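Two complexes follow with chain A in common, the first pairing it with chain B and the second with chain C.
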Partner chain A sequence: MGIPLDQILIQTINGIVTGMILALVASGLTLIFGIMDVVNFAHGELFMLGAYVGVLTLAVTGDFWIALISASLLIALLGAAIYLVTLRPLIGRDPLTTILATFGISLVLQNYALWQFGPVSRKIAEPIAGHFNLFYLDYPWYRVAVALLSAAIIGGFWLFLKFGTWGIWIRATTQDRVMAQAMGVPVPWVLAGVFAIGSGMAAASGVLFGPFGGVDPTMGLNWILRAFIVVVVGGMGSLGGSLAAAIFISLLEAYASLWVSPSQAVIVSFVVLIVTLLFRPTGLFVATPK
Partner chain B sequence: MSEVGAAALSGNPREATGTVLLAVDGIHTYYGKSHILHGVSLEVGRGEVVGLLGRNGVGKSTTLKAIVGIVHPSRGDVRFEGDSITQLPSHRLARLGIGYVPEDRRIFPLLTVLENLRVGLDRQGVTKARKAELVDKVYTYFPVLAERRNQSGGTLSGGEQQMLAIARAMMLEPKIILLDEPTEGLMPRMVSQIREIIDVLHREAVAVLLVEQNVPLTLEASRRIYFIEKGVVRHHALASELQVDDPVIHQYLGV
Partner chain C sequence: MRSRHGVVFWTGFAVVFALMIVAPLVLPEFWRRFVTEILIWGLLAMSSDILIGYTGMISFGHSAFFGLGMYGAAAALLTTQPPSLWLALFYGLIAAAAVAAFVAYFSTRLRDIYFAITTLIFSQIFYVVIFTWTAVTGGENGLNFDQPALGFGRSFSLSFTPTILHWFVLAVVAGSYLLLRRITRSPFGMVLQSIRENEARTRAIGYAVERYKIVAVMLSGLFAGLAGILYAIQNQFAAPDFVFFLVSGETVIYNVIGGIGTLVGPIVGAAFFLLLREGLSRFLTEYYLIPLGFIFIAMVIFVPQGLLGFMRRWLNQ
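This part shows the complex of A and B:
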């Protein structure tokens, strides 16, 4: 009793779509970890707040794309503010202090959202309404658009890192913060900038995901957990590794849910995480360290 | 201890050439609780090559790090072109024209050779033409860097990394370059190339503060020499008045 080919294809597309959103969430997380050794536990809440800013802007302007851009910009500013106020004074201390600080911020933001918006899930309407026929399914074009848009954002960001002056500064700072600063790189601004970019990317993925599952104060939790798995499996601090790991894990989950329920399929991610930590703790998708 | 250092300095009439570019005045530094520098004082004139000699672990590298703002002195003052720079962050110092070539080179291993150069080169106020000119200039001095411009820094040999570290500092169009043991672990051919580049810097009126273990090279390249011991400058002299087997050299460098 084999699995029909059409189901495998549908799950492949589903896996890639969620994988791209996950990659967008995880790339901000891995970038922040890579450059300042901060594990940002508030990343999921920036994702969630981004989605709420999207909901509110959409209500006022009626335009999804304006909502997407303004949510990214606003949450990028919030991210930079969080960095300057709480993390910058802690840089260079025991990693535990930054973990506690970001965890505290995540609780504050989550409860702020609960107080401000209530526990009931809000909806974001799909900006692209059309469907196309995928075997027996009406597959929404929006999902495909999300995958492409996420890929475009990650690709644009990669080009920025590869060729731009700020990109070179970010990479130099990631490799040797002290020496980068001695070469004239304004490291405090680069760190704030990276935090802002990572936060903006989280917000963008929050808005993009909104039409799939609704917007509520705890939506960040599920994503941050999976993003952490992706960052560890992909290799802490590696952008390409995170992209590969996000697709890999989402595909595995999608295929696993052919046999078991989607909530049980999540177990697969944890198995991958544990196996990675046991046998290749530097990450599956990075070159072997010397 | 600092009084001894200061006395030795004030007792010596020889001074930096021309106007003073960099003045280090009685700086103290600590790593945690250990007191590393006990009041180091020295001066470098504009375009002057100055050597800093001493045994391992007496504070030569720390002196350079304190000048470039990587460690901040708890007491004392560092002045550059007359202004106090003691508490400025190191990226501001780089912009003022202080280039730093650390002991372990610390090139960015995952950036290409050209990207390593761009870290210091891509700054406001430098025109595209000027950038190209600066890069071409170091490629002329170090042709091997031109050959390897798209190779990542981590794949270069030790000598090539040293050249890259110096070339990278030259991108800042510095008024002074702090060189920390540039010939350490290099083959003789590479050592003479480093020697030549110090002369090039001197011709271009870039001052050099040179920390070295290689005494003959330091005496040859420098105009003046400071001797540092246990975190204090103990002695200083014109390089032309010192011999490689001088008793002074034995006193501060002999085993």
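This part shows the complex of A and C:
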């Protein structure tokens, strides 16, 4: 039973790294939900397409950072287009219809990727090649960089929400859509913008994750499920809650994989979800609603 | 007025039923199988309509009930010699009911979108368990078993030819339809529909909404399990693919295309979807989901009531 301390430490770092990527995916999802009441089933597919755009631009330009930025921008545009074409007409209808619409979008996007890129997984080379010594392992600096970069994106996004003009519009729209419109906030554009930002964040996390596990058309589903768990455990619509829940769940999964295979370690996050639903259905990391 | 409605309804039912009886006798082998499959998927979709259409809860986890029905039947068919149809039904329903009780207990604490996500995640739990527990479930390869015979006691036994299987499935599906129709028109069904229309008010009148929801999920899961058993008997295998979330997604698609809250709509939706898939996959091989996805999105936006939505009131009268 004795698990050496160094292994636990390694898993802690691993857990935090994947947790930060997961937080980046989930924060886009929770943002879109919190503001628009839309559960974006296609979020995982945007993550996957972002990774593919990253692969393609990397092949052309050879620069990882250009690939990261262009993937985010392109998928943000795609997100805005998806919003305008399919979700805009659904405003005012039962929010459940948006699940159905985004589910249809995810089917189309996933199969489009399968058609276009084939089922074989593509690789993205790590942009930062260095390693450092962690006990007996050569730990890549890139992983640490990913965690920091994700944290920076989420932090920057939080500052933007807090102080940017658009950020303030977004928060105003969340609180009261009609009132915000009355005060001159261009609500339709804010909603499209939010969908674009959320999609861009998904794409960025897709590119960042690329060097870890490869890019294939079905990767989106795996991530959307975990992101859903994070969003429910963290409390829908709460950015801080998602961040905390993402790291919490990833750490638990990382520790669990010391004993069982990674595919079974997923069950740990399911258990966390069940326990959360039992005792705090509104989320573990948010204040109890009155 | 009412009796005339009844006459028209039962005539329509009898005509469709008669056509379905004749279908395997006149259709070529491939289409015979196809019609049977439509009925099975239609039963799955119909079971999910109890939740989507009548209680207002979208379940994205019906693959769990379907798959557990399948594996339950597999357990019975593998452990008993000779394989018994009735034991397969019994085991399958028990398995589906147990899973449904588990899922219902947790997921009905949540509403709307949260319910949908939770059912989705629960179905993935079962998928992971079945996929990784290779010793019992056969893992990725699934389980193969022999087809049971349609036997009553010791005296009478009939092995399943495709035609007899079709009739058996037809009888089960038609019986389920009549039963579900009766349930949705019963006081219990009325309470479910009032939960759909206004949950807070239903609770205020004094109905134990949570208990009704749990029963609704279990009822729905039971019939989904029945569909799984039929599928297992038809194809003589159980595979983790059928517990995968995609099956749940397709179930929802059948409902939306066919028209929720009509019971027969989902069967029509399943037929429409499967026929379209058959037609499209001749040109597009496995990428048929791209045009189907577009059709689905367009229907959600422009025809939210589905193909049979215009008959909804009439069918529920």
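Miscellaneous remarks
Just so it is clear, the second predicted complex is superposed on the first by the 289 of 290 C-alpha atoms of A that agree within 3 Å, B and C clash if a C-alpha of one lies under 4 Å from a C-alpha of the other, contacts with A are read in each partner's own complex, and residues count from 1 in each chain.
To be clear about the criterion, a contact is a pair of C-beta atoms (placed from the backbone, for glycine too) under 8 Å apart; a residue touches a chain by one contact, two chains touch by 3 or more.
Since the model is a prediction, treat every value here as computed from it, not as a measurement.
In the three-chain model built by superposing on chain A, chain B fits alongside chain C with no clash. Taking the C-alpha centre of chain A as the apex, the lines running to the C-alpha centres of chain B and chain C meet at 90 degrees, rounded to a multiple of 10. Contact with neither chain B nor chain C is seen for A:N133 once the two complexes are overlaid on the shared chain.
Of the two partner chains placed around the shared chain by superposition, chain B is the only one that A:T165 touches, whereas chain C remains out of contact. Once the two structures are overlaid, the count of chain A residues touched is higher for C than for its counterpart among chain B and chain C. Of the two partner chains, chain B is the only one touched by A:A180; chain C is not. When both complexes are overlaid on chain A, the residue A:F103 reaches chain C alone and has no touch with chain B.
When the two structures are aligned on their common chain, the gap between the nearest CA atoms of chain B and chain C comes to 15 Å. Shared contact residues on chain A (touching chain B in one structure, chain C in the other): none found. Per the touch definition, chain B reaches chain A in the complex via residues 68-70, 89-91, 93-95, 100, 102, 106, 108-111, 115-116, 118-120, 122-123, 168-169, 171-172. Every residue of chain C that touches chain A in the complex is listed here, in rising order: 58, 60, 106-107, 109-110, 112-114, 116-118, 120-122, 124-125, 128-129, 131-132, 245, 249, 252-253, 256, 286-287, 289-290, 292-294, 296-297, 300-301, 304.
Against chain C, in their complex, chain A makes its touches with residues 33, 39, 86, 89-90, 93, 95-97, 99-101, 103-105, 107-108, 110-112, 114-115, 221, 225, 228-229, 231-232, 236, 261, 263-264, 266-267, 270, 273-274, 277-278, 281.
By the touch criterion stated above, chain A contacts chain B in their complex at residues 165, 168-169, 171-172, 175-176, 178-188.
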